[in-house]
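Beneath this line is the structure, given in structure tokens, with notes to follow.
Going in written order, the chains are labelled A, B, C, D, E and F, and every chain counts its residues from 1.
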Amino acid sequence: MFYHDKKLQYKVRVDKPNPQFARALQQAIGGIEGEIRVCLQYLFQSWNSRGPQRYRDMLLDTGTEEMAHIEMLVTAVSLNLEGASSGVIESIVGGDSLMEKIVGGGDPRHFLSGGLGALAADANGVPFNGSWVVSSGNIAADMYANVMAEATGRTLATRLYELTDDAGMKDMLAFLIARDTMHQQQWLAVLEELGNGDIRNVLPIPNSFPQSQEHQEFSYAFVNTNIDPDEPSAGLNRRWTQGPSFDGRSEFREMKAQPIGGEPKLAPPIPEGHAQVEQIEKANVKS
Amino acid sequence: MFYHDKKLQYKVRVDKPNPQFARALQQAIGGIEGEIRVCLQYLFQSWNSRGPQRYRDMLLDTGTEEMAHIEMLVTAVSLNLEGASSGVIESIVGGDSLMEKIVGGGDPRHFLSGGLGALAADANGVPFNGSWVVSSGNIAADMYANVMAEATGRTLATRLYELTDDAGMKDMLAFLIARDTMHQQQWLAVLEELGNGDIRNVLPIPNSFPQSQEHQEFSYAFVNTNIDPDEPSAGLNRRWTQGPSFDGRSEFREMKAQPIGGEPKLAPPIPEGHAQVEQIEKANVKS
Amino acid sequence: MFYHDKKLQYKVRVDKPNPQFARALQQAIGGIEGEIRVCLQYLFQSWNSRGPQRYRDMLLDTGTEEMAHIEMLVTAVSLNLEGASSGVIESIVGGDSLMEKIVGGGDPRHFLSGGLGALAADANGVPFNGSWVVSSGNIAADMYANVMAEATGRTLATRLYELTDDAGMKDMLAFLIARDTMHQQQWLAVLEELGNGDIRNVLPIPNSFPQSQEHQEFSYAFVNTNIDPDEPSAGLNRRWTQGPSFDGRSEFREMKAQPIGGEPKLAPPIPEGHAQVEQIEKANVKS
Amino acid sequence: MFYHDKKLQYKVRVDKPNPQFARALQQAIGGIEGEIRVCLQYLFQSWNSRGPQRYRDMLLDTGTEEMAHIEMLVTAVSLNLEGASSGVIESIVGGDSLMEKIVGGGDPRHFLSGGLGALAADANGVPFNGSWVVSSGNIAADMYANVMAEATGRTLATRLYELTDDAGMKDMLAFLIARDTMHQQQWLAVLEELGNGDIRNVLPIPNSFPQSQEHQEFSYAFVNTNIDPDEPSAGLNRRWTQGPSFDGRSEFREMKAQPIGGEPKLAPPIPEGHAQVEQIEKANVKS
Amino acid sequence: MFYHDKKLQYKVRVDKPNPQFARALQQAIGGIEGEIRVCLQYLFQSWNSRGPQRYRDMLLDTGTEEMAHIEMLVTAVSLNLEGASSGVIESIVGGDSLMEKIVGGGDPRHFLSGGLGALAADANGVPFNGSWVVSSGNIAADMYANVMAEATGRTLATRLYELTDDAGMKDMLAFLIARDTMHQQQWLAVLEELGNGDIRNVLPIPNSFPQSQEHQEFSYAFVNTNIDPDEPSAGLNRRWTQGPSFDGRSEFREMKAQPIGGEPKLAPPIPEGHAQVEQIEKANVKS
Amino acid sequence: MFYHDKKLQYKVRVDKPNPQFARALQQAIGGIEGEIRVCLQYLFQSWNSRGPQRYRDMLLDTGTEEMAHIEMLVTAVSLNLEGASSGVIESIVGGDSLMEKIVGGGDPRHFLSGGLGALAADANGVPFNGSWVVSSGNIAADMYANVMAEATGRTLATRLYELTDDAGMKDMLAFLIARDTMHQQQWLAVLEELGNGDIRNVLPIPNSFPQSQEHQEFSYAFVNTNIDPDEPSAGLNRRWTQGPSFDGRSEFREMKAQPIGGEPKLAPPIPEGHAQVEQIEKANVKS
């Protein structure tokens, strides 16, 4: 169950409101790299957790923290859409400039749909999409999904940091970037723990499927699909074509792309599907 | 530029067509863990690549290979929707059973929209969504996105393997599972190479943002948001709260959740946004 | 900022796991009538709030409560996908029945993508969509959006109640239905307060736009678009065509549909838009 | 069945075409607050209607009227994308300004995909989404969905009114705002009628579920989730924590958030789901 | 402007309600081949029309007719979800069968969200999407979009016809199939008229772009991307590689796929984008 | 199976990078008229093909070619987001202009999410959607879907051509426009072949449904829904109301819109759906 107070996890200050930056910040709220995604992802992984209790508990802690990050960023958007002094407010709403600042460059829905408030959408106004919430039931796959989310998320935050000269916004982002640093570490720490001290031991994911049942002649081979006779292979003298495999169970090697399966052969159309007459009648004609 | 022949990368055989399994296979075609996603993801990463040439080349090889995996799975869906013998076809289209087999349990659009063909959609008929294609411009973030895709993808393939008793389908899946094994390895090999032999050296991602600019007091601290006084912290004696940080630059520690930012304070509504009169007039009333 | 403990707001017990009911429950998690929507909607309204402080605070309380409802429902889905006794587990995963129970009737992604866990999606696997999160900047419009969410939400919960015979599930739903009862009341109480004791005084929404600027001859007239000469009007002797208007400012009346605007007249295509030659040349030809 | 003439319900005049305003108008066509939504919503409610005939008939009238509103707004977008004099046309298509006016600030798809025509999308080009069409089968829930649609719709229209200085556009919007005024009234009139003269009698929605089956101890209690000991409750001396409940059946009260349900306990992963080995083996380990 | 009466364009009778068929019918309402799409497509094309008046008028007629088709199909879904006699109603709602009939096979949202009513969604519950509404500003492109819509639409209708044994449903579908026959003709008649009696004269679309500005050496050549030396070309002795081109302006020929453009060369990453350090430093390293 | 080399099908040169044009180009990558759509559409049609082998083979050739078009356009976007000389790079990233160029006018996600790289989305950042991939199982319907895709696609390409003054971009587009010319021809050549030399013989699509089973009195009649007594019919003296039908099987004629079906009559709500009490009780009351 969840509780709250009325304060922010870290201070959110906007020295010079900027509707264009408000639009950019939306990517960190409702974008695929954003905080709604990580919040729901960690909470769903926790609530669905069937693994050791320790991971359920930790995920619940961090999912709850991410709620506070959404709160900070929504507040930052709202503050970027207003003005501390009436002069700034006027410059936003006066005559042509209302159109120019809000509609041009900014997100028009910040005004039209939000009345100067944030949306559950990305920097282009594309709504948050629940398909991004990954909770696979395999703890290692989930941890890699989390590392990915924090890696693209921290990259996004550093780009937002570059986009702004506002000292308050830079201060807030420096905090969020630090938290992303920790969260990258945290999910990798779980992988290390799962691998008994070596992250490579979790491979291949899932590790509960017997490798004897996969076709192992293809399990450690880089497939080269390049047919240019004048070009060296992308696998020539590369780590992914030689040396021990990353899980220590085999040797990497290179394999030229080969169509092992023959040509596919489908049955003719069934009458009830109402293909064209010619398709039904000539389905078996080779050409 | 791209070329093809008319053969499949690996053989696709369906011994006993099964429309319900055809529906399940759609997840591996157009789902978030599916092959259209990895195909476009690797190709976009290659085409957008500004990093060392070697990664652009390798991504192009593997993105092209994934095209052949979509081809195999679409063929498998089509074959699962038909019958090798006329008896099987009849059992699909005869009387009540047409409704029961195609509409109940299977995906009705396989018949209605596809005429017994595959769709660019997931196992629930939800269309493939381009937002899943991650190409961040940061090679390490991209590689983690790729590991994640192959980890959830291989997990999906093993579950499909469990769902079917069809020897042909098991054979095809055993091939695809093997390729996922390799691809997990391959992206991690890049991370190892980027880290000069130790995958942990790529952290934090992106590593081109000076850590001195993030608020480092929060960079290695697990935040405990649990307020239950009767419960031990999820960080008690855990790897993510003690010992060296995963990147070797600090020590992990635990931090009780604290609202460092004060209460947020937004300006009153602007008249042009047409809030209710009471909001505008009482915006500054504390309660 | 947000906090949690490890307990549920109300007990979640499943006596007889049922994958089909798990699918139906998804509508209350990730559907338009579901808990993710109301949770984010109340929190965004609170965080974006520029009105009196009292509404910001109240919305924060209830948005936080809704987090706990998502938690309960995700737990309910997970429990419906498993078996307390090994016998039940076996009936789910054994032979043909794995396919039949999980793929037919249930949501195949519960197994394929979730490993027997809930998704951020509705009963058809359609992902949660951020466009449903309404935070308009007008407190009265927001309150009606909230009443609507709780009205369709409570209707959904009563239908889920009818669908199940499981005593544990009925118990959980009886709790959630009661909370929806309260939340309907709560948002209407705000409307009553805004209307100084009479909910009708908030009209028209927004009430900060001067009615003198709207074309008031159309403000209280029911427009009858029915052209059947043999049918009485849908406004004959109805409350919406006679008596005082609901806001007490006018009288309702009926108006026959009339095309007051003339025929629209667009300019010919510009050459750069590359319409067909015939369009450009004959754009002004009447027929 | 439906019929038309070739005229507009109200005149649509654009004095000074403005591609940026054309973009903003799209929110009223294909946005969640827009006319396609209300048109389809009222028509689906009518066509699906199982209640008293009078509501089916009225919904059909107003749904048909909304078709004419889409027509007006599409015409307004098209007119804003052109120029009455060749001088204006030239300023749109000449050199750099074609790019600046259409791509910057405006919606580039108005030119690229529409050849200077409107789209079935919102102000950010996000397509209209059928999930917004609410037709619940419960007339009271539907009426609240309709009030909500007209409340956010009228708020949007007043903001569009503020964004433009074009006399023709202001005239058109003044008409549409007036119609929204009426439609808010109309749906509330149905609620009043359903409540036998008092709108509160329709509560709780649905009113056909016996309240004895809900857990009534939670039906009229505001849940306070705030844990800050230094802050007064958001329910202190508020209407939603004291006095008769809005439906007159009980008294409001306040309740401190309490986790009545214990800690959730899920079964270990099933082997077929291919969790990691460590999850399966240590699933029951407490930490 | 639009008008209605209360009758259906053609009779809708369901002899034996069938929730599974109700689900299948949804494809014809809210699917990409469905009636909401053609209705809005024809109306948007009419409202946006800048071509000869005759096409604007005709599109308005047929767009209005399609409204009546949505009405018929929504009615058909509602009727398939109910029972004329109480016995049928009981079989739907009784005990286990409520779950089995509504949730398994049918669309659970027909009950959960619609209370036995139709949705603005396809046969899998995926919502109608406004991106399907094509109105390009080029009358020939629009006409082909319309032929395509009616061709896939009529194919869908014939498959629905095959799926049902219900005489009432077959009767309704036989009407809708006939209308699709006419509409295919109608759009092709426009193309014939545009081509002065020969449909081929509209090519290439758009015909207002001077062909001298395209690279005409590639305008009539089939590109063969097959690299299998053992296979004959797909262009060998085919109509699309020999004889006059379809527009009579050239001769078809075959061309072997050739990479005329060299290898792409992108600039190194900019520092503000925060790629990994290794990317920035080694961006120009060939391998 | 698929292969590649490292070269482009045609050269891609950008003389003066332009982030706004990069945004516009996205429509040709991930928009409904774009290359991802045609690539997947032709490949799915090939892979699902049950018709004569010749069409399967040809579709595979052209689908593979389209892969190379996506590659060209992604490269063009990346090049438009950078600068060949450091001066240009600086103008993009310097101070205010970074915000103005990237966020205003351009797509902010090109920087935020892509690090100056292309996305799988349209010109408004709306993600590619798999629902656009049409593979119907009827070869004639598919060919019309392909003509439509190439007609709207060529129209888009000519508009992009008008939007740019960059000689390199114009050169690339002149190539792509030429390929669209050929592809329009190619699909029509198949239709001609299917019609034994006359494209009209493929009608009505599908031609495998016996026309005797449709209600043929409605098959060749234009339905006039206009009720304005002062306006001539849109069918007066038109090709679609007189002369032989386009398939040569009948005569066109005009028909005044008539509601042949009576008024629909739905059953009262079932108790389990929890409509309002008033609906259930008064369902049969006429008004």
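Operating definition for what follows: contacts are C-beta pairs under 8 Å (C-beta built on N, C-alpha and C of every residue); 3 or more make two chains touch, one makes a residue touch a chain.
None of the values given here were measured: they were computed from a predicted structure.
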{"item": "Common touching chains of chain F and chain C", "value": "A, B, D, E"}
{"item": "Co-neighbours of chain E and chain D - touch as defined", "value": "A, B, C, F"}
{"item": "Residue-number overlap at the chain D/chain F interface, same or different (half cut)", "value": "different"}
{"item": "B-C compared against E-F, more contacting pairs", "value": "E-F"}
{"item": "Inter-chain centre distance, chain A versus chain C - centres from mean C-alpha coordinates, in Å", "value": "27"}
{"item": "Sites on chain F at which at least two other chains make contact", "value": "1-9, 32, 47-48, 50, 54, 57, 60-61, 64-65, 68, 75, 78, 98, 104-105, 111, 113, 115-116, 121, 124-127, 129, 131, 136-138, 140, 152, 155, 158-159, 162, 205-206, 209, 225-227, 257, 259, 264, 266-267, 269, 272-275"}
{"item": "Arrangement of touching chains [line / ring / star / complete / other]", "value": "complete"}
{"item": "Contact set on chain C toward chain E in their complex", "value": "18, 20-21, 23-24, 27, 31-33, 104-105, 122-126, 152, 155-156, 159-160, 162-163, 165, 225-228, 231, 257, 259, 264, 266-269, 271, 273-280, 282-283, 285-287"}
{"item": "List of chain C residues in touch with chain D within their complex", "value": "3, 5-12, 32, 54, 57-58, 60-62, 64-65, 68, 72, 75, 78-79, 82-84, 89, 92-93, 98, 111, 115-116, 126, 129, 131-132, 134, 136-138, 140-141, 144-145, 147-148, 150-152, 154-155, 158, 161, 174-175, 177-182, 184-186, 188-190, 192-193, 199-200, 203-206, 209, 211, 213-227, 234-235, 238-240, 245-247, 252, 257-264, 266-267, 269-270, 272-275"}
{"item": "For the chain C and chain A complex, residues of the former touching the latter", "value": "1-9, 30, 36, 40, 43-44, 47-48, 50, 57, 60-61, 64-65, 67-68, 70-71, 74-75, 78, 113-121, 127-131, 133, 135-138"}
{"item": "Residue ranges of chain F in contact with chain C within the complex", "value": "155, 158-159, 162, 227, 272-274"}
{"item": "Contact footprint of chain E on chain B as seen in their complex", "value": "1-7, 47-54, 57, 95, 98-100, 102-105, 107-109, 111-113, 115, 121, 124-127, 137-140, 194, 202, 205-209"}
